Amino acid sequence: MTQTADVTASALDEALVQWLLRIGDTSLILGHRVSEWCGHAPVLEEDIALANTALDLIGHTQMWLGLAGQIEGKGRDADALVYRRDAMHYRNLKLVELPNDDMAITVMRLFLFDVFHQALIEGLTQSKDPRIAEIAAKALKEVTYHLERSSDLVVRLGDGTQQSHDRMQAALEHLWPYCGEMFWSDAVDETLADAGLAPHPDRLREGWLATVQDILTEATLKAPEGRLDVHLGGKVGRHTEHLGFLLAEMQFLQRAYPDADW
Amino acid sequence: MTQTADVTASALDEALVQWLLRIGDTSLILGHRVSEWCGHAPVLEEDIALANTALDLIGHTQMWLGLAGQIEGKGRDADALVYRRDAMHYRNLKLVELPNDDMAITVMRLFLFDVFHQALIEGLTQSKDPRIAEIAAKALKEVTYHLERSSDLVVRLGDGTQQSHDRMQAALEHLWPYCGEMFWSDAVDETLADAGLAPHPDRLREGWLATVQDILTEATLKAPEGRLDVHLGGKVGRHTEHLGFLLAEMQFLQRAYPDADW
Amino acid sequence: SPEEQAFQDRIDAGERIEPRDWMPEGYRKTLIRQIGQHAHSEIVGQLPEGNWITRAPTLERKAILLAKVQDEAGHGLYLYSAAETLGESRDEMTQKLLDGRMKYSSIFNYPTLTWADIGAIGWLVDGAAIMNQVPLQRTSYGPYARAMVRICKEESFHQRQGYHIMMKMARGTDAQREMAQDALNRFWYPSLMMFGPSDKESVHSAQNMAWKIKINTNDELRQKFVDQTVPQAEFLGLTVPDETLCWNEEKGGYDFAEPDWNEFFEVLKGNGPCNAERIGARQKAWDDGAWFRDGLSAYADKQQARRMAAE
Amino acid sequence: SPEEQAFQDRIDAGERIEPRDWMPEGYRKTLIRQIGQHAHSEIVGQLPEGNWITRAPTLERKAILLAKVQDEAGHGLYLYSAAETLGESRDEMTQKLLDGRMKYSSIFNYPTLTWADIGAIGWLVDGAAIMNQVPLQRTSYGPYARAMVRICKEESFHQRQGYHIMMKMARGTDAQREMAQDALNRFWYPSLMMFGPSDKESVHSAQNMAWKIKINTNDELRQKFVDQTVPQAEFLGLTVPDETLCWNEEKGGYDFAEPDWNEFFEVLKGNGPCNAERIGARQKAWDDGAWFRDGLSAYADKQQARRMAAE
């Protein structure tokens, strides 16, 4: 009995580490993309707001990956996980690694992700793992604010000029086939859900669709008819061609000066 | 006496290594920029021609930096020099590290550099150092062809449509203040010139101006009035902000997998 | 018709059809489509490999890869020229590529995620391409057959270079071996798909074979590819991601699992990992390059006018 | 005039001037120029530091840098607001920045080439900025003085963080120390230039001092900066790139070499290492963002129309 319980605990920990990498990497990479706007946003208020969002996401990354490293028990802290893994070992959603392109893509991506993220974090405040619940509780106010802000921008730009409407619609079409990965699940997600540690991704789909639909309607935008789940694989390390370039840039100093302390 | 001769020889070698890094790094970084066009050029013939130019330049890099490593005598081969130096130790001209932006910048930069490069390589075929003369002899046909091709394109695009003319003129204005670095010299260049190993950069200026002026006239373009030598420093390791990003990308694999053989 | 009969007789006799010869409309159209698609594949095929040129791990690898991508552009050039002899211009074909009326090989809708993918593409994708192309050196249309001769020669270099990369990786560090295995895992089935679905009973296929535009069935070529590739994988110490794979003594070849044809059709429909990126990149190159092409042709017009004025 | 006299009396009495108060046209114009230039410096100042956000070496450093750049945008916002109270809109000032009618601090025309530069900017550039700004908390124009109070509080954080980066680097590996020394070499003289050329005999300066828009002379501030910074450099074990530098017991401060004022004027004329890049980046942000700003204001108009229709 004890042995079985031990095996189960270790299998759970393994799944938990994977799950934490997924959520932590997703925060990191989205934060990175958002931070690329620093100094280049269309209006000063956006420079400030985007930097703020990036800061929140980097903060979440520190917590999620810190916990991942701790549970993994191989002496890797959040920085080691961030700066010393190559693309095939990253577990973020593909949605967040796509280039920013323009503010329409940036805003629309934040919105599509924030709807999911807010529901996920809210669910995680009820996690049976107090470490997860605690991080979620810290993050909840921030992600709720992110969602407010991005929904508001989607409405204003969707229902703005013809050009802003068209750009937002095009961004939506571009990003839609990447959204299904948020609800995709495998044994890792099953394990976490069964143990009461995290909501099953599948359970978040319906609420996401409803909220997204509401906001799109208000924004006079139209949900695409194509499949949501065309681009899967990020959660198991099969990424787009963009991630490698992002990491090469992000990791340069740690890779080039492995002995240095910063 | 012998000791003085030795010291002189070692001082010469030191200057020679610096000089070889300058020419080798310049070939490398320009080759890198040109190679970024692969698959993205405006017409198939350009895809081929640009890949060809990049190939030539990478080939020159192998020879120049191979010789640099050999003379340096610290066991660094061309790959070690290319993949394991950070930006402040790179010695290329700033001109070649600027982003491609568009084909006008790309073509104009190649032209402005090729005029200098062709004269330099031709001069180097007369170097008193047979190793340098040999490399130059190998490269001469290629750089002569580069110059033919880029001059031809400058003429055709300068005297093409109004738009192509304007873009070429804008590219010329953009690049002009970087050109002076080709003729800038310091003790390294003096040493090489005094020893009869390489033409003094200053001696190449007049010919460059004359050739450039001829082609620009044929291309119905106008040489800018501003200073040529606004942007110096690449030859002593003070670069633009662009080089760091270029190197992060280029060096990724060697940095991330220091023990690997490829 | 008698003309058609005479045409078929020439083909049956092993004669080459040349651009000015009479040919059935179906033959011409099928060839334009096939050669054009092949040309487009060379062009789009520059992108996944080009993706690693700036990150190649040594100068030598960089030079080899650059030369390879350059060869592909060259192949595109021969093939567009061959198709142009049939009456369709390169620009027309490019338009059809960009607006989706013409296809390119679906394999290029898969991403190159690690350096090992550059090896895998050379080894598997060029390997499969050669398998398809070698018989086409004997195709009935002269310009196409001659283009194939040149192309096959270069492709076999590329395949060897790709295999060499795989060898270095498979026999390298743990991380390299992991990348090599992962590349094989990802490219195996897409490579099998390169031969197309089984065409045993396709009427279309039968006509093309009669015309010697198609020489072997898809299944024959796929079998040949598997039989050639499996021992190569074993030599590398890599595992083909097919648990059902086993030697069939009786047929003298391997039994192997079919790729997921559903995925194949999805990719064909545009739902592959990189369809939008690939066409987007080509569209951007085309749009951004408009001023460049216009400039060159305006200059050519001016030169012509100047020459005429001087006469 | 009597108004002017009354105005000057208020200032001499240490009163604060507020937006609705009467003020001389010269005072207003000088302030708009000075506050606007300061605001522009915060905005353009995001760029050299922003250049390293995606490459910050640890998550903590990344977060600190992001927060710093965000603070700078915030400072820009306060300052534009302060300038707007004088009757010039943010968009007008932005236009003047982009077309060169208004300046920003020349220091931001120098590139950030290594991570140590992020340290050097915090330590030296923010250090010099604070030296300039602390007295301006007592400036005569209320909104400007209040903005300065907020800004100075944050800047001193930034300076400490910058110094901390330098400390880590200067006491780190050889490569790190080399970067730290190189950053000091490159940023020392440009930092000294931040106080501007000597203004001892400038009439302009005298008027601004009477108006309490300027509190100290450039030379006073520069001396103070050197006196504060040299011991900090010594503590780091770095060498200030000035061979003439030495303590002058008599004046109770350091003697030091003047920066190359020729370089200063060249950079001011547009010939600095990054002038074109900085303004180019701001112009691009402005142009690319036009549809975004238009979209938001179109929505605001529609909302207003809807509210009015509903009433």
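First chain written, first letter: the chains are A, B, C and D, and each begins at residue 1.
Convention: a contact is a pair of C-beta atoms (placed from the backbone, for glycine too) under 8 Å apart; a residue touches a chain by one contact, two chains touch by 3 or more.
Going by UniProt, the chains are A, B = Phenylacetate-CoA oxygenase subunit PaaC.
Source: prediction; values computed, not measured.
Chains that touch both subunit A and subunit D: B. Of the two chain pairs considered here, B-C and B-D, the higher C-beta contact count falls to B-C. Averaged Cα coordinates give subunit A a centre that lies 43 Å from the centre of subunit B.
Inter-chain spacing, taken between the CA centroids of subunit B and subunit D, is 37 Å. Separating the centre of subunit C from that of subunit D, both taken as means of CA atoms, is a distance of 57 Å. Touching two or more other chains at once are residues 86, 244, 248-249, 252 of subunit A.
Shown for subunit D are the residues that touch two or more other chains, namely 55, 175.
Taken as a contact graph, with one node per protein chain and an edge wherever two chains touch, the assembly fits none of the named shapes, being neither a line, a ring, a star nor a complete graph. By the document's touch criterion, interfaces exist between A-B, A-C, A-D, B-C, B-D. Interface residues of subunit C, counted against subunit A in their complex, comprise 48, 51, 55, 111-114, 175, 178-179, 182, 186, 271, 273-274, 276-277. Across the complex, subunit B is touched by residues 86, 244-245, 247-249, 251-252, 255-256, 258 of subunit A.
Those residues of subunit A lying in contact with subunit C across their complex are 86-88, 174, 177, 227, 230-231, 233, 238-241, 244, 248. Of all residues in subunit A, only 32, 35-36, 38-48, 51-52, 54-55, 58-59, 61-62, 78-79, 82-83, 102-103, 155-157, 159-161, 163-165, 167, 249-250, 252-254, 257, 259-262 touch subunit D in the complex they form.
By the touch criterion given at the top, residues 43, 46-47, 50, 53-63, 66-67, 69-70, 73-74, 76-77, 80, 90, 115, 165, 168-169, 172-173, 175-176, 281, 284-286, 288-300, 302 of subunit C touch subunit B in their complex.
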